[in-house]
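This is the structure, below, for whatever I ask next.
By written order: A, B, C and D. Residues from 1 in each chain.
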Amino acid sequence: MEQVLTNGVYLGAQYALIALGLTLIFALMNVLNFAHGQMYVLGGFVTYTVYGRFEMPFVVAILASAVTLAILGAFVEKFLFRPVLKNSEREESSMLLAAGLAFFLDAVILLLFGEKQRGVPKIIDGVMNWDFLIIMPYDRILIGVLAITFIVTFILFMQYSKPGRAMRALAQDKVAAQLMGVNVTRYSMLGFALGAMLAGIAGGLLVSIVGVNSGIGGPISIKAFMMVMIGGAGVISGAIAGGFILGMLESIGLTVLVAYGDMTYLLIFVSLMIFLSIRPQGLMGKPWG
Amino acid sequence: MSTILEINNVTKKFGGLIANNDISFKVNKQEILSVIGPNGAGKSTLFKMISSFMKTTSGEVLLEGKRISNLAPHIVARMGVVRTFQETTIFKTMTVRDNIIISHHLRSNSNLFGFFIGSSTARNDEREFARSADELLEFLSITDIGNELASTLPQGHLRTLGIAIGLATNPKILLLDEPFAGMNHDETMHMVDLVSSVRDRNVTVLLVEHDMSAVMKISDRIVVLNFGELIAEGTPKEIQENKIVIEAYLGSEDDSIGL
Amino acid sequence: MSKASKLIYFFIFLVTILGIVPWLIEISGRWDYYYTLTSVALLSIASSGVWLTFYIGRINIGQGAYALAGGYVVAILVTKYDVSFWLSVPIAGLFCSFVSMLIGASILRLRGVYFAMITLVLTEVAKLTAMSLPITNGAKGISSIALPGELSIFGISIIPDFSTLANVKLAFYYVAVILMIFVFAGMYRLVNSRIGHLCRSLQQNEELASSIGVNITILRIIAYSISSFLGGIGGAIFISISQSVYPTTFQVADSINFMLNVFVGGMGYVFGPMIGTLFIYFGWDLLFTTGKYQLLIYSSIIIALILVLPNGLLSLRIFNKSNKREAK
Amino acid sequence: MNKNIKLLPVVAFLLSICTSVLAVNPVLDIGFVGVTSGPAASWGISNQRSMEAGASLINDAGGVKIGGTTYDINIVSFDDQKDPKRAIAGMEKMAQKGIHYVVGPNVDDGAAAVRPVAEQQNIMYFPYAFPKSLYTKPASNAILGMVANYQSGPAIYKYLKDNEGVKTVAFIAANESDPLSQREGGVAAAELLGLNVISKTVTYQVDTTDFMPVIVPIVKLQPDLLVLSGVAPANAPQLIRSARELGFKGLISTETGQDAQVLMDGAGDLANGFISVGGASTPEIKSAEMDKFVTRYIEMFGEYNDESNTKVYALEYIIATLKANPAAINNVDEFKNTMETFTAPNPYLKGDRVLKYVGMSSFGQKRQISIPLVVNVYNNGKFETLFVAEVD
């Protein structure tokens, strides 16, 4: 059981990091970014190229992933989402754009990086073995710690920095933020860049333990949606909670429900549906985000 | 004068916060009764409970002796208590006339399937709705904007349209939520005339309002709330002279009773 | 548009898809387009259901679930209980309607992205259910489903047994497009009747709608169950073409595609789903010659389209003339 | 950047016109319908590429002589996006182009869905899907293009039982049609051999990124053998790595083709000893022809994919059978007749192995290509052949 809980925590840290960027973009712009998973994958491949292929330090690779994705995010916001949100009659049109973007990134990634699963050399070798109760490879511990560090840094940034506060105001009430003198255009772009960057960092970190392949983007997006839903859409703390809960749910569910075999996931999904229809705003979301 | 609506010991709590405490008053048929009070006095909450958009914590609201509190809003509307909204809530992408036509929903004799296949009852309904909508447009003197998109209307017309939507349902009681808010003097006077004429259509009017001059002019009776409590009830003249009311208003910062 | 010119347009449309298209296929020898167009017709039926839920202001990414359910109902009825295909299609539709009423009663309270997400989860649930139930034959699916048999009423044969036909593809094409015509005619009627106006009132402001006495709960459920009915029959007919159904026959990707069809066609137009499906499905088909760049070009076109026409293909001027009545 | 990428297909198209103008031989089109985009892209892409590499070798050698005519081979590919609806459309496209021989689809649902079209349009197709209903009567046009897991499984388990003393087995599969069906076949085979199946209910979702939690319940049981049923090459290294890091000591095997580079990237030395099914590229058995194929593949696509080994045969069989009976080019009934008696030398393997159609014992008719069951073991970045067996 100790192992199961440890797995849950460390899986949760991964998931929370993945969900952060998605929820940030949703909170700021009400855009459900279907391309989030693809951005994650792109981040993974950048790290793979810089660290795995060019053999530069891991830190440089993560930085490269972050910068690449931040630039991509800013461009996507400026040239794609902004005009569409301005010109369309219904906000939901942004979902079509997001889906189109997801296909586009899928195609680009497949052409650039090929169809194979890729991995990078381990950052550190060895496995921690605590009396056979908890077994955890050191690189996974490191990535888990790094993920939590990034999450904490992000929270502090949102809480105390000027852009962070501006973005929180924007997320809460666009009109009010505007009246308070927040530059909505600039912070929407910054927020989108930041969201994409978080996806890139998540991809870059995780490539070192689970690898990456060009087709995983779509499934990752869907999974990230679920974390965001569990925690509550558009709320940073919600995404983190959602990530940890889903991680824990999977870890425990897979062990406890192992006898039910193929039903395990059905049970998880059905209970998710029931939970959401009873408490649609998730654990800590604002209703009707 | 007979009673049409009774509010009996209505209380609303949000967690530990008391929004309305034990409010009771009666509304007479075909009168114009205003509910006033400083900000946060619980006027809007009371309104929402009367129209059943919000549940009461305790107490009840009776329409002609029948309980209407805590029913579904559309059922309360069907029974004849219809509200308008504080904000300019209308169907934005429909024309003014279509807004009014759709609001005749309660008067239809045909069921939905009848409308789908275009039964003769349904067609009669449609004709009747169109005729009635034109009549309402004329009554409110907005025939000339009938074919304009509702989203393009200026504020004054939006309010009028809001009232038209309410009237189209053929209500017994129309609840108006701050009909004069943000209006200049001329617009207010026009609206005062309009609300008075609504009463002449055999409709009882209950309104929540800040604008004292308009309220004093238009109301038959006034109910005053403060901090969720009913502190006074009477004719405009009685209210103007009521010490407790004056004190309540002077004590608050953002409102003056406008005497 | 006057009633007469509407009738003329409708007549032209009928002649085109029932006469001219098969004739063109015949003389050009492009037999493969029968299947493409049959798919477009069936998928547009399911998409029009999604469109209806959009019309009451709900983003529906769960239509794949009902298409899959419809497919399985037909597969099970035809293979295990020897029910006529023609009877099992409406049963499949009604089954989906019924299920959607049960589910809808609790999830239709949700709005915006919450509703969208829960329907997405629904698609996944449908797949996993199909995979774990004995009656659906689990992961192995149901294959070797017989072609539709004869349909006769009072001994008069209305539709012949498909297995005796020389050109099954043409038969499926007619079944699909005729059904599509009925569905869209019904949808057009629905939207332009009072029900459509009520749906629009719901889309714009549920509070106001209920304040004028509209029973929004019931109306939402009605719209959602019609939507699911259409998803069910679309899926049901499809599996008689593939003669097999698997848990993955309709999946999350399909649910998203149904939604895209609606977006691309234009959410404000009754015929949007038809045009959107034609564009998306046929477009992919035509790009087949571009090889490994197919997805890249396809997605670029979708992105360009939404940039140029964010309100859908039908918001183009030329279409707008004839569609003004439905335009929002 | 966007603009340049959009221009590429135009350039490619123009190039392809040029080459087809230059070619003197008539062209024989062979189809491929499979998944070359999305999460399962690697199955279809390795498949398509192995066909294209094979065709390119033939064309460079001046084409292939069938009957009196020398043909160039052209591969016509259709991406079905792993959607059975699109797979049907792909088959229709093939029929439209007058193609009678198609490789694919790659998954069960697609293979089942295209059956009606293939039979109506006289197309012989070579799916990489194992359901027996595809190949047993009344089905007539599908030919299994590889060794099925219910054939390879028993051979592998028996070998491991005899040589490694394996007694207990655990199965793990993705929660999808193909892997679940393969798990079922594997479990049946293991039980038939008298092995003790101690776990067969662990599944994982296709969107799993981290397999630690998935594998925990199995590692606790410490089976002698862990079978990864129908595992996608992308997932295999992660499953192996997680299992090993959690302290799993037993053997790990699968019945699908894998890629050595992917295993090395994803699991490194932890993958040593991993047993999988391969084609013909291990040094012990491969012929010079196979070397040429691999070289060409790398020339064309930059990097070899070991999965392609298992998929190299379908094209070879189609062409060899057509050579044996030129009338079959436009007549699949001729093809079916020829299948009954056809034999030809296997160019990819050393020694005198032959190509022939088999399947009587599994399907009651000859609807499978005969290829040797090559079982590989991964060691330090490459595969070694563990044993080779024949399948009927």
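Methods note: a contact is a pair of C-beta atoms (placed from the backbone, for glycine too) under 8 Å apart; a residue touches a chain by one contact, two chains touch by 3 or more.
This one's a predicted model, so the numbers in the text were calculated from it and none came from an experiment.
J.: Which chain wins if you rank chains by how close their C-alpha centre is to the centre of all protein C-alpha atoms?
T.: Centroid comparison flags C as closest.
J.: Where centres are the averaged C-alpha coordinates, which chain has the largest centre distance to chain D?
T.: Taking each chain's C-alpha mean as its centre, the farthest from chain D is B.
J.: Report, in whole Å, the distance between the mean C-alpha point of chain A and the mean C-alpha point of chain B.
T.: The computed centroid separation for chain A versus chain B comes out at 47 Å.
J.: In whole angstrom, how far does the Cα centroid of chain A sit from the Cα centroid of chain C?
T.: 33
J.: Report the inter-chain centroid distance for chain A and chain D in whole angstrom, where each centroid is the mean of the CA atoms.
T.: Comparing mean C-alpha positions, chain D is 34 Å from chain A.
J.: Can you check how far apart chain B and chain D are, centre to centre, with Cα atoms defining each centre and the answer in Å?
T.: About 72 Å, centre to centre.
J.: Quick one: which residues in chain D touch 2 or more of the other chains?
T.: Each of 5, 36-38, 175, 180 in chain D touches at least two other chains.
J.: Taking each residue of chain A in turn, which ones touch at least two of the other chains?
T.: 106-108, 110-111, 218, 222, 262, 265
J.: Got the chain B residues that touch at least 2 other chains?
T.: Correct list: empty.
J.: Which two-chain combinations qualify as touching?
T.: A-C, A-D, B-C, C-D
J.: Flag every residue of chain A that touches chain D in the complex, lowest number first.
T.: 3-4, 7-8, 10-11, 14, 52, 106-108, 110-111, 114-122, 127, 129, 132, 135, 137, 140, 206, 209-211, 213-216, 218-220, 222-223, 250-251, 254-255, 258-262, 264-265
J.: Which chain C residues qualify as touching chain D in the complex?
T.: 30-32, 34-36, 39, 128, 131, 138-141, 143-144, 147, 168-169, 238, 241-244, 246-249, 253-254, 284-285, 288-297, 300
J.: Show me the residue ranges of chain C that touch chain B in the complex, using the header's touch definition.
T.: Residues 189-190, 193-195, 197-198, 200-201, 204-205, 207-208, 210-217, 222, 328.
J.: Name, in rising order, each residue of chain B that touches chain C in their complex.
T.: Contacts found on chain B: 51, 53, 72-74, 77-78, 82-85, 89-94, 98, 101-103, 105-106, 108, 112, 115-116, 118, 122, 125-126, 165-166, 168-169.
J.: Quick check on the complex: what are the chain A residues that touch chain C?
T.: The contact residues of chain A facing chain C are 26, 30, 32, 34, 80, 83-84, 87-90, 92-93, 95-97, 99-101, 103-104, 106-108, 110-111, 218, 222, 225-226, 228-229, 233, 262-263, 265-266, 269-270, 272-273, 276-277, 280-281, 288-289.
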